[in-house]
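Heads up, the next two complexes both have subunit A, just with different partners, subunit B and then subunit C.
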Partner chain A sequence: MSAGVNGATLVRPALAGRVGALEEFNASACMNCGVCTAVCPMGIEVLPRRLFRYVLLGMEDQVLEQIESIYSCLLCKMCEVNCPAGVHIAENVRSLRHHINRTVFGL
Partner chain B sequence: MNDQIVTGSDPGAGADAGGRRIGVYVCQCGGNISDYVSVDDVVAAVKDEPGVVVARTAMFTCSDATQQEIINDIQDQGLDGIVVASCSPKLHTFTFREMSKRAGLNPYEYTQVNIREQCSWTHTDDKAGATGKAARLVRAGIARTSLTEPLEPIVVETVPNVVVIGGGIAGMRAALGLAEIGLAVFLVEKEAELGGWAAGFAEMYPHGRDGRDLVTRLEERIRRHPGITVFTDAEVVGKSGSFGKYEVGIQVGREQAEAPAPKTQPPGTPKPEISRPGMPQLGTPEPGAITVKAGSIVVATGFDSYEPQEGEFGYGLDGVLTLPEFKRLVDSSDGPLAYGGRPVRTIVYIYCVGSRQAEGNEYCSRYCCTAAIHSSLQVATRDAAPVSRYHLYRDIRSYGRYEPLYNESREKGDLYLRFPDEEPPVVAQASSGDGGGATTAKDGDAGHGYRLTVTTRDLLTDGAELLIPADLVVLVTGMVPRENDDLVKVLKLPVGNDGFFNEIHPKLRPVETVVDGVFICGACQGPKNSTEAVASGLAAVTQSASILKRGYAELDPLIAVVDPDTCEWCGLCLEACPYEAPRRVEQDQEAAGGADQEGVDHRGADADHRGADTDHRKMVAVIDRVACKGCGGCVPVCPRNAIDLLGYTDAQMRAMIDGLLQEPTPCRM
Partner chain C sequence: MSLPTGEVIGILADNLRIRGSVLPLSKRKVTRWARGLNLPHGGRTVLYTGMMYQLIPYIEGLVKAEKRLGDSPLAELTWLGRKINRLVNISAFMARPSAKLRAVYNEVPVNVALLLKEAGVEFGYLYKDDLYSGALAHDLGADEVVADHARKVYGVLRKRGVRRIITIDPHTTNMLRSVYPKLIPGFDIEIRSYLEVLAEREPMLRTSLTGELVIHDPCVFARYEGIVHEPRRLLTATGLTLKEPEKSGRMTYCCGGPVESLYPEKAEANARRRVEQLQEAVRGSDQRSDREACEIVTMCPMCFVNLAAAAPDGVALNDISHYLRRAYVS
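Now for the complex of A and B:
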């Protein structure tokens, strides 16, 4: 699905748009500081820095590999209140779940 | 002042050094020195040197209190020479020269010895060695001081005119600043129009002001100002005379034959009334060469944009643009971005092109991160249809107040991908056949054929290798020095390894060059955005004013002098001198010049105009006191040993070497 040329993953900007408009899914504001990873009580390593980048770059396969993590998030917003870039992390997770619910689980 | 004080320990000692009475002050620098150099041992080692009547240590010699104590010593003990052993002469030579003046001592009777950078900071592992070295250096300083003579600064008259070369934003603002403080300005621009790069930009960061407007407004003020004469299509082609009164040759209308009349005055603006004394009478400049007198010259010749090699990041492919080309495209319309008749859906920016290279341009070009981000925001805020914007970068340097632009761009959806230095992105032409590649019909892109593909690794996404189909690839090109070899030759401008012009000191003397009265500002001295270029332009204004508003300037008298009896004019000194300071004159005239040297404002050139009888006269070298920088380059080449450098005479150098090598090593080892 995300295959590109010579093993490179093809970037598809439209995935992010389908997950949520910029106002809802504002992951691009992330500056990769890592605070969210450090404070997450669930120790969800991949959330949200890399996960969101998969979405932004349209790497759908990689997103789906992380379904486990995406659904173990408590939506506690510990990360969100600490994020220096104002990323609505928990809201973004919610948008992503909504997208997966629709497209993968047919809910 | 504390610790060991040795005063007049041996009244007879002074006699050995021609009756000199020297004070020696060894600084602790609050531990900076005394942690690694035993200052008491240094004092003990040198207190009995010939001529020394006071030797002591001080916690901070440069403090006001200690300076006052030294002044008291000079006056009470009748000191006629001072040695301060402390930090680099770059830091405090002037401090202690001024102190000497306040005490009534000639400032050139003072010697600075550096035992901090050269001893305590260098030999932190060897206190005894550092102490021994410090003692030797101080002894050499005492030896030099015992042979100093009072010298007077060379006073040079200055004319209140300035030639500003380069009419970009830096040169324009400098010209206006100079005129506003009452100096007459000749603004020389090579192109037909003023403004430089800024004249070609619409919206500029940080305030979104239109560059063309900015330039137009500046130009209006310049044209209106009676003190400024503008030469466009003009170049500086010659400089003669010496500091304070340079004669600057300006060629107006480069191709004399077909040159359009220089547009120095738009119709309706008043002609410059040039009537102040010392100012040349100029009407509207005619094409041709003219000469103006200038007390200082401000160089503001700007930069060029890096031109990528064919094939560098796909340069040469349709759709691969440099940053200036992209900026022009963005500025050229207010509507949705289109290129080659097609709407632009995806832009990939590649940063640091032509900058921060392992070999080549090592420097960061400073302006380009922010300029690229700013241009991208221009696109983001105006297009209704979303344009995907990928920034492939190494580091983002939107320093200082430009950080909010970077934040804003991320919030607006710009995506930043960090590529590894050793694996830069690869740009290729999209081929419709490469499967999922260039022309992706998915995701609402139906029918949108991309011109290009960019393959890159993103370190922020597990180092994943990504393929980005793109309409435009923007090479975020850096600044390079503008080709200006002729000007460099004419002005003898110092050029750095990177090809930009060099200031004397990046922090402390940021717009002065080693050529007296020649200042540099703007992007010709290194990458700068327009804010920084203008700030340095105004610094050049202040520096010019400081020498021109007084009507005279003082130069250090530490220059070369020729003994006319020994000199036989061979011309080797002239060949060795980077400033063409030695001149060939008849001995008699030289003698007249020599007498003059005690006075002020003598230039060797004057000697040429004395119409003395020329028969049977010996030709000798005389060194122009204003042109000479005291570099010493001529001293060793003279086959007859006729040249001495005041303040660093051969006798002084020999005495210093003897002092350095005097045995036994004075300290406990």
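Now for the complex of A and C:
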């Protein structure tokens, strides 16, 4: 669980490092503007800004609650070409899939 | 209902690792399109299909089988299916497209080969060594399997002395041009799409075409590889009139295909939205009509198969090579 004693969240920065082991996980550039969510063809609300924040904060349980959203992403880069912060959204989502493949699906 | 995500990815990754493709096909099926074309074996410049157009009818069959399984109690036994699939290629039994459907997709590499020949490009074909790039497994994050596979493919290309590859579909283009160099230090083969090669050569027009087409850009060409102007230049030079949907070029809207293997219903819903947008390019968004006839041009096998499945009567789809062959091949 990621919830701390006062309901605060325990931050485990190591998760971002594990997810981005093969590729640069540059989600920290995200300024939370919401353009990605607004233009997503799949209407996936959690991706990518909230999801990336979970990763950066090490909130793995919350990340794993979003497995269907993570694999529903089309990797179409509509969000990425509209992102004012230049976040590599598609590659970040792929990195998350790689992480889940290893840690959850045992691939 | 969809099959368990992890097991489906596992089966596709196992197939790539054990059999060299997410959906293994016999070499006969992969190379059948080249019969009678007398393409030289190998060479420094080769036309490379990466099996993509040939694979699509089989993937379509597999997805249909997945849907049937997903709605049955057998869905809970997918884990067992994965174990058996490691020993016996069961996915091949599940996907059996008709000869007619296979012919539709095999026609595309034929068109491309004839277009390149007509434009004076010297190239060969690798036949049994025309290998799958690993695109779907890469999308799904099966990185270790894809990295191993990429090294095998590169080894074959080096052994065959290939220096320049001409690709057909966006996914193989992206894998070989943008992903492999990250996975393989020193990757030094030039990769170009046939659309780029043809546009650069400005082929001679043999037959003028008339009519109106709505253009659908694949995300991978438009946003990953920056291929937007080449197809337009080639098509408009034929005399055809191109209609642009509101979401077009670098801002194109995905066909939904990338999620078809895991969530076919989501892919279908996205494809329906895209077909409506393409229809609107003809009729205008203020003139609602449920049955607007139009002709859509695609340049990716995944876009083609997804949009075609969602297209109502009166909406026709063709691959771009269909028009280019009619116009530029005598």
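The rule we apply is simple: the second predicted complex is superposed on the first by the 103 of 107 C-alpha atoms of A that agree within 3 Å, B and C clash if a C-alpha of one lies under 4 Å from a C-alpha of the other, contacts with A are read in each partner's own complex, and residues count from 1 in each chain.
Operating definition for what follows: a contact is a pair of C-beta atoms (placed from the backbone, for glycine too) under 8 Å apart; a residue touches a chain by one contact, two chains touch by 3 or more.
For clarity, every value in this text was computed on a predicted model and none was experimentally measured.
> Clash or fit: subunit B against subunit C, after overlaying the two structures on subunit A?
Aligned through their shared chain, the two binders fit side by side on subunit A.
> Which holds for A:S95: it touches subunit B only (first), subunit C only (second), both, or neither?
So A:S95 only meets subunit C here.
> Per the contact definition in the header, classify A:T103: touching subunit B only (first), subunit C only (second), both, or neither.
Neither: A:T103 stays clear of subunit B and subunit C.
> Quick one: classify A:L74 as touching subunit B (first), subunit C (second), both or neither.
The answer is second: A:L74 touches subunit C but not subunit B.
> Applying the touch criterion given at the start, work out whether A:M42 contacts subunit B, subunit C, both or neither, answering first, second, both or neither.
After superposing on A, A:M42 lies in contact with subunit C but is clear of subunit B.
> Minimum Cα separation, subunit B versus subunit C, post-superposition (Å)?
In this superposition, no C-alpha atom of subunit B lies closer than 21 Å to one of subunit C.
> Shared contact residues on subunit A for subunit B and subunit C?
22
> Touching subunit A in the complex: which residues of subunit C?
5-6, 9-10, 13, 138-143, 145, 219, 223-224, 250-251, 253-254, 256, 258-259, 262-263, 266, 270, 273
> Name, in rising order, each residue of subunit A that touches subunit C in their complex.
Those in contact with subunit C are residues 22, 41-42, 67-68, 71-78, 80-81, 94-101, 104-107.
> Where on subunit A is subunit B touching in the complex?
That would be residues 3-15, 17, 22, 26, 28-32, 49-50, 53-54, 56-59, 62, 85-86 of subunit A.
> Which of the residues in subunit B end up touching subunit A in this complex?
Listed in rising order, the residues are 346, 386, 388, 390, 407, 410-415, 434-437, 440, 442-445, 453, 455, 458, 460-462, 464-469.
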